[in-house]
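Let me begin by presenting the structure, written as structure tokens, before commenting on it.
In this document, chain identifiers A, B and C correspond to the written order of the chains, with residue numbering beginning at 1 in each.
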Amino acid sequence: MASNETRPAALTVSDLTVMYGEKPVLWDVDLQMPAGVLMAVVGPNGAGKTTLIKAILGLVPTVAGQIRIDGRPYAEQRQRVGYVPQRGSVDWDFPTRVLDVVMMGCYGRLGWLRRPGKSEQAAALRALEQVGMADYAHRQIGRLSGGQQQRVFLARALMQEADIYLMDEPFQGVDAPTERAIVGLFRELRTRGKCVLVVHHDLQTVPEYFDWVTLLNVRSFACGPVAENFNESILRQTFGGHTAWIGDESLPGRVPTTVTVPAVG
Amino acid sequence: MVDGWLDYTLRTVALGAALLGGMSGALGAFVFLRRQSMAGDAIAHATLPGVVLAFLLTGQREPYLLLGGAALAGGAGVLLWIAITRWSRVKQDSALGIVLSTFLGGGVLLLNLVQNRPGAYQAGLNHFLFGQAATLLSRDVVLLAAGALGVSVLLLLFWKEFQLLSFDRAFGASLGWPMQRLDIGFTLLVVAAIVLGLQSVGVVLMSALLVAPAAAARQWVDGLGAMVLLAAVLGAVAGVSGTLLSALWTGLATGPLIVLCASTLVLFSLLLAPRRGLVWRQLDRLAAQARLR
Amino acid sequence: MGASLEIQLIAVTAAVACALVGVFLVLRRMALMADAISHTVLLGIVLSFFVVQDLHSPWLLLGAALMGVATVGLVEALQRSGLVAEDAAIALVFPALFSLAVLLIGLYARNVHLDADVVLMGELALAPFERVLVFGLDLPQSLVVLAGVLLLNLLCIGLFYKELKLSTFDPVLAATLGIAPALLHYGLMALVAVTAVGAFDSVGAVLVVALIVTPPAAAHLLTDDLQRMLLLSAGIGAGSALSGYWLARWLDTNIAGSMALMAGVWFCVIWAAAPERGLVALLRRRARQRWQVAERVLALHLRSAEEEGSTNLVDRLPERLRWEPKFAHQVLRRAEANGLVQHQAGGLVLTERGRQQADYSSSRITGSS
């Protein structure tokens, strides 16, 4: 497990505060993520996990706080961040092919008026290969399964050739092969020194899939290596003591599998 | 029929209708995909006070001037619509209804004022509502051609931006594109196209010319480029066939005929387009049931 | 009764009838269905005219109402097919039916006084000329028709108030409780169609949209309570009708157009000035919140600095909070004026009150700690 604290942080979020009207959605959130780390962001519903990603990307207005990438302001470093939105955020009946969606990943690099060419197309095909979707390049996106749609989104993020990837629930509603493919992709990104921040729902798989974890419930309750920060007491704090413990008592380091928490308000 | 083809006026009108259908078909593909189909209707209605005010203030019937007034009023309507949805709890559909009816009411009020004056603008409401394709002159066709060319160039130049805007706005914003400005820019382009179409098909039917070709095209193809092209072609086909039908059955209004042609294309596509068409789907279902038995 | 008074009565009756059904339409996000229905009733009228050959037959009203319901059914069938989205379904159906109506008039009914112009815009000023005798009273026909429509609306809303309310706010729950949402839905649509037909004769179809959508939307800016919303909506509708009438009289122009315009004007006035949801209130609340939040954030930062043992964070505040230096100074001044912070030995520290507020707000942020 990568838990080398001396490495410089690739992504630093400090004192991030986001309000929705008078209601705080994120309050004073700090987060550091070194390069080569896979980090899960977990927390109950309404904890502000999606908002965290959107605030880092500058998609929602922030009241206070700072986002830095390798110590430099986010706005200058935008090109180094890749984004995988929730799968449900787009209309999958949109008339477009898989390859076209993946190609969107390079639009930020291209800038105004330039169109993607041969080299971009080749890169898009490579990205599709990485997620095991090369055979589907010319298929209409509406005729993909949920897991395949998710992999198309991942390929689009790979196409961004970013150093930091922000992913909103990539495991939501995907089949087992896709889940394995995504985990394999994470590990490959890690060996290439990239870092990945993932909003994640399944507490049970956190120790298996991720190196670092951020426990978030409007505030961040912990942020660091899984071994030190993913335990019952911090989970209890984060989830507000309403955690239902289901599972084999004899398992070491048991974690809650289902969590019911009232919406934070 | 042969005489009709040789008729200079008919050729002018048909060419104008084809250009208008092609332009609004191509733009309409994006309008349709962005789920703003009813916005076209509201914008078209909202242009009336602009037309009348332009006439009231200048006392001239210069078409370009009236079109300018229409464009200003349409743009104002769009901005009011966006403002109401952003800064109040009123939902998009109600906001559209409010903008549409308020502007149209204002337009009717002004038009009545004008018509009560001696020697005034008598073309009247009917013209505005249904257009008068038969009165298209070659200079109108030139204007429509310029409009169609402009729309094509802009769609080509900003293809990937409009694609992002329609498919995944948040992702576009995360790449650093100014999505809000693109949105307003695109909507103003739609306003321009609607204003150009007012003279031939009128307010009530302009929205149909935006939506129907796109809805028909969507059933046949799976790519955005193909859909935009096909929508343009179908729009042009509807325009020309409506014009010809009107010329053959003299006396019937061109605008409604163009809309009915476009609607027929939609009906045909919804039923028969391969794979998506309702007929094929029903056949598939029957086949599946037969296999189960 | 003078003609002026009669016209005003007709206008108010139409406005109230429209405003009442409009409330449910707006809340169900189906405002544009009113637009569609108000156009397609023309086809209903034309078709039933072909059958009965009489422009004044009450069957025309029935035919128009049926066409309104058919429009809704067609739109929903299209939408359910999954081939086009809801907005596109509306935008496809009503221009087609409307065009058909216009063409049919052109083909077969050209000599009859059935003018699309009049159907869309109405001519309220002429309404008092067509009269009927009801219980020995000599009344304008459209007043009688509209009063009937208004009574019908009041009756239906009164009888099915709780079902309508429930199925509007929670259709799933309504269905599980044995209320048939589909039946209510089509019933409501039939009511909208009847109202549109009753009103379009005098105020015109397009202006029916103004009276159906605008007053309820304005009322929704003033209240959350359904009953109050119905009352306010009716009041705003009546106000639009009366002010529209007098504006039209003053300018000597079309009454219906003026009523639609005034409805929009009243909406804008209410939108600007509504006590909680108005534009002014919203901007003021935002400005206030901005300072409050900033002060809280400041207190919280000073508190965490205190806990870390450093005494003065002020110099680093603008950078840490990404605040403009000028804004940061304003926040500091306000926080000082509110007794949250104080100067001490050249540095800035929290007061006891500031400390309490910081702890309170940090405890409120998540219920757990």
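Assume a contact is a pair of C-beta atoms (placed from the backbone, for glycine too) under 8 Å apart; a residue touches a chain by one contact, two chains touch by 3 or more.
Just so we're clear, the structure is a prediction, and the values are computed from it rather than from any experiment.
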Remark   = At the largest C-alpha centroid distance from chain B we find chain A
Inquiry  = Applying the document's contact definition, name the chain pair with more C-beta pairs in contact, A-B or B-C.
reply    = B-C
Ask   = If you average the Cα atoms of chain A and of chain B to get two centres, how far apart are those centres in Å?
value = 41
Key: Approximate Å spacing (C-alpha centroids) for the pair chain B, chain C   = 26
Note = Residues of chain B that touch at least two other chains are 218
Sequence positions of chain C contacting 2 or more other chains = none
Message = Quick check: what residues of chain A touch more than one other chain, meaning two or more?
response = none
Touch list for chain B against partner chain A, complex = 33, 157, 159-161, 163-164, 166-168, 170-177, 218, 221-224, 226-227
Inquiry  = Quick check on the complex: what are the chain A residues that touch chain C?
reply    = 14-15, 17, 19, 21-22, 24, 27-28, 62-66, 93, 217-219, 237-241, 264
Query = Which residues of chain B touch chain C in their complex?
reply = 32, 35-38, 40-41, 45, 84, 87-91, 93-113, 116, 124-126, 129-130, 204-205, 207-208, 210-212, 214-215, 218-219, 251-253, 255-257, 259-260, 263, 266, 270, 276, 278
Inquiry  = Quick check: in the complex, which residue numbers of chain C touch chain A?
reply    = 82, 289-290, 292-294, 297, 300-301, 304, 319-323, 362, 365-369
Query = Inside the complex, what are the residues of chain A that reach chain B?
reply = 54, 57-59, 78-79, 81, 83, 85, 89-91, 94-97, 100-101, 104, 107-108, 110, 112-113, 115-116, 140, 142, 156, 160
